[in-house]
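Below, each structure is written out as structure tokens.
Note that chain A is present in both complexes that follow, paired respectively with chain B and with chain C.
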Partner chain A sequence: MAETNTIRARPVKGPPIIQSEVFAMIIFVFADVMFFAGFISAYALVGARAPVGWWPPPGDPALPVAAAGGATVALLLSGAAVFYAGWAARSSLANAVRPLGVALALAVGFLGYQVFEFVRLLGVGFTLQSSAHGGFFYTMVGAHGLHAMSAVAVLAWAMRLVAAGTLSPGAFGAVRLYWYFVVLLWPAIYLTVYL
Partner chain B sequence: MAETHGHEAHGHDAHAHHEEGWFTKYFFSTDHKMIAKQYLFTGMLLGAVGAYFAYVFRMQMAFPNKPVPGYGLVTGADYNSLVTNHGAIMIFWVAMPVLIAAFGNFLIPLMVGCDDMVFPRINRLSYQIFLLSAIVLAASFFVQGGGFGGAWTAYPPLSAKAEYSLTPLGPTLWLAAVALEFVAFLLGGINFVTTAMNSRAPGMKAFDIPMAVWMIVIASILFMCSVGPLVAGAVMLMFDQQVGTGFFDPDRGGDPVLWQHLFWFFGHPEVYVVLLPALGFVAEIITVFSRKRLFAYKTVLYTTIGTGVLSFFVWAHHQFIAGIDPRMANVFSVTTVLISIPIAEMMFVYIATMFGGSISFSVPMLWALAFIVEFLLGGVTGIFLGASGADIYFHDTYFVVAHFHYTFFPIAIIGTYAGLTYWFPKMFGRHMNEAVNKVHFWVTITSFNGIFLPLFILGSAGDHRRIFDYSNFPELSQPWMQDMRVFATVCLLIMLAAQPLFLVNFFYSMFKGKKAEANPWNANTLEWQCPSPPPHGNFSPLPEVYRGPYEYSAEGRDQDFWPQNSPT
Partner chain C sequence: MIRGGLVLALLAAPSVANACATCMDPREGSRTLLWVTIFLSLLPLGLLASIGSFLWWRARTSLAVVAPSPDLPPLEIR
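And then the complex of A and B:
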């Protein structure tokens, strides 16, 4: 053990491997993924235990697979726009403003469609209470919608700071990560609930 | 998101030197040590509430339908609510805030050698949400029909329908409180993991991190992996209660067992979430008071991670008689028995650490040793329950109650006392009275065994848990059984009576105790290398780290300890 007595010139500290804001967001997103994983597996479990031909229950209206598919494409495109914004910001933060605006517009369109679809389905008598299926539909799609709304708010805030040139790279990274999460989560929900 | 640059955002120099109001200082501080104390005192207060509940329902059990001094006559609904909230409070509002939040906040920045958490304002928000959750919980006792009484596991349909729970708002407020508490810990946990990852002192490599920090970090990660599905379940349950959805209602295509899966997918990892910090404290304490290296540091670390992963695959051992597929029961029996292997290994590692050391039986060491002994009993009885054949008989008997108290009491109470007596000089810059603490230790440990050993016997005799009044069950109210219940209750009274010894000592010493030096135990870890109590900003200058945390009794040195930040 005597050799451990020598002085070791250890202390050096580089920059963190992952910026703290991004790291924190990774953890948050992970917890949120598990939240939706809970819904998705609950949906699968209840569906699997239902008698043959009873899931979704025969009385429930058919869900608009194609229209929602269109909204899905819009949301995915907004993810691509944010990805492009991050790439463009590497040369100058100002370049990111326009793609962020495009992403916001696409996401607002997605949310608008969702509201329209909820109103239409409620109109034909498909509600939270009509069956476990109705409950899952509104809760899961609604929970994603609330996430999308918060993402829109955060992105709008970030866009303002990007325009002013004051957004830190770490915070920008965290915002983009949250956006990807909201965008990529949707196909999983679409595949579970609509198909 | 508002925290743009962790380390400059809290700007401690900016408000360390001008006078703050009392309220700002104690309620709106972003200092990790103050937030730790907020969590600690709130947790202790709620611990007193939980203990009072236990006192009331144990009195009812021992002396059925006699007015309980300090409470009055206990009705069936009261009894259910007291039992439910005793469990919920002890786990969610005592074990979690004290072991993880209070110690995590206090220790992580000090042990990794930095000045504060990475996101101090998020940290403050975490405590505020936690406080709100406690207030919502308290409010749930005062609504029409009283507090929620459907057990801390909140199985539907009892928890889902007001016509069964008889309290239309109680279950909803209770669930909201639990959900808020989860949000608080999510925010806290993000801080813990990020700080341990990004704010370590220069030179501190992964294997130089003290076990207590590793354990709290791994516990936080386990919590964040497991809590999501339960929050989803809580949303569904709340909708079933208030909106009239049918997620858990078989009449409408729902499934009541679904809740059990969502709950226990969280619930089992949760027991490791609280276990790990306590194991971490014990590791710190036994190395210091045996003057020895931690035996097999890396093995402990990898074992902990392995246990954490495995803990996600055992949850259905709580549901062996809930109508799950017997083939599934077999699988979960195997995983459950498997998980006792790493736990046993951990115990052996601790014993090996002490082997041949120069042990001093200080108060923290007594608690740490008691932890090992008592927790071992809890773990061993878990194996009986993990075997699905045996569990069909044992499920929902007092055997289960005894099992989990032999795990949770060592964790939440013994672990806390171990941590508090060990870190008290650092937290408050003073010493507690050792003699009083030793008396408190022996009375508490003896009476604890007196309470719960009889429950193993009662449970083996088929004594069903969650029964308000056994006089309606002649085969469960034979005189010897009732005698055992009275014995357990008397032991509880003794234990409760001993706690003021600690509390008075604690608060008295905080102001009047003997002044503590910076490193009274001659320990290596960084928190002992700054003043007691640490000033705002902790270290000046910030430390650099040259070696691991457990270099005790190294050869060729005059001192038997070797602080992590000492260059030579």
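And then the complex of A and C:
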């Protein structure tokens, strides 16, 4: 009679393919990308329909391309800082505090510039109702600004929990993904509206 | 009666009911509407494909862990 060897084995549930928080954020970002894609497409269509030389309308003030470009660089640098924070957190969560602080400072600077620009443009009569261009400008830039504002609040919350050492990897991943979205969306809006 | 008359009037002059702001592009040769249509049609598909590819890659790279278990019937090897 042949000898019998027995093996008792069962696959054990391993780590999830993706954290729930990150997956939820992916779905949210997906919807938001389509939201802004609609704005950008509408802007392109209205601009294409205008007679040559009439878009933006001649009466509208020139948008501060260089200053907004500087704000764009600050926002991109904050994205790089958050990326570095995620990399640094692999060894220890405490290492992410400083880069998150840098990102937060740059993001607040970006938002401060946006507020300053809105106030200045409103002061010279460029409003939501002054022209279709004005409507698009305040809607698109304002919608992005609201996203940036909420992202700054979330980033500050994450930084506080990172400093306390209590932020879960999934939540940290979701916060970083949201910030990457806000950062990478802005160049698309800048290229569409300002240039 | 009034509703029926309105429908007949619209049938007689269909251009009045043309409410699409982007259907007529005054600049001859402009393909903006075409490009925007292509962009908005392909964008969700591209996003879905990217997310699907990412999840597939994550599933492929995650390790299958095997550990002993007393619950399952033994596998016999002769």
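The rule is simple: the second predicted complex is superposed on the first by the 182 of 195 C-alpha atoms of A that agree within 3 Å, B and C clash if a C-alpha of one lies under 4 Å from a C-alpha of the other, contacts with A are read in each partner's own complex, and residues count from 1 in each chain.
Basically, a contact is a pair of C-beta atoms (placed from the backbone, for glycine too) under 8 Å apart; a residue touches a chain by one contact, two chains touch by 3 or more.
Since the model is a prediction, treat every value here as computed from it, not as a measurement.
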- Among the partners chain B and chain C, which is in contact with a greater number of residues of chain A? B
- Task: With the two complexes superposed on chain A, say which partner A:28 touches: chain B (first), chain C (second), both, or neither.
- Result: first
- Query: Which partner does A:117 contact after superposing on A: first (chain B), second (chain C), both, neither?
  - Reply: neither
- Item | First (chain B), second (chain C), both or neither touched by A:49 | both
- Message: If we overlay the two complexes on their shared chain A, which of chain B and chain C does A:38 touch? Say first, second, both or neither.
- Response: both
- Could you say whether A:171 touches chain B, chain C, both of them, or neither, answering first, second, both or neither? first
- Considering each complex separately, which residues of chain A are in contact with chain B in the first and with chain C in the second? 2, 4-5, 7-8, 10-12, 18, 30, 33-34, 37-38, 41, 45, 49
- Message: Under the stated contact criterion, what part of chain C meets chain A in this complex?
- Response: 22, 25-27, 30, 32-33, 35-36, 39-40, 43-44, 47-48, 51, 55, 58-59, 62-72, 74-78
- Item | Residues of chain B touching chain A in the complex | 1, 3-6, 118-119, 186, 189-191, 193-194, 197-198, 201-203, 221, 224-233, 235-236, 239, 243-247, 249, 252-255, 258, 261-262, 265, 544-547, 551, 554-557, 567-568
- Message: For a test of understanding, state which residues of chain A touch chain B in their complex under the given definition.
- Response: 1-2, 4-5, 7-8, 10-13, 16, 18, 20-21, 23-24, 27-28, 30-39, 41-42, 45-46, 49-50, 54-55, 57, 128-129, 131-136, 139, 143, 154, 157, 168, 170-171, 174-175
- Note on the structure: chain A contacts chain C in the complex at 2-12, 14-15, 17-18, 26, 30, 33-34, 37-38, 41, 44-45, 47-49, 51-52
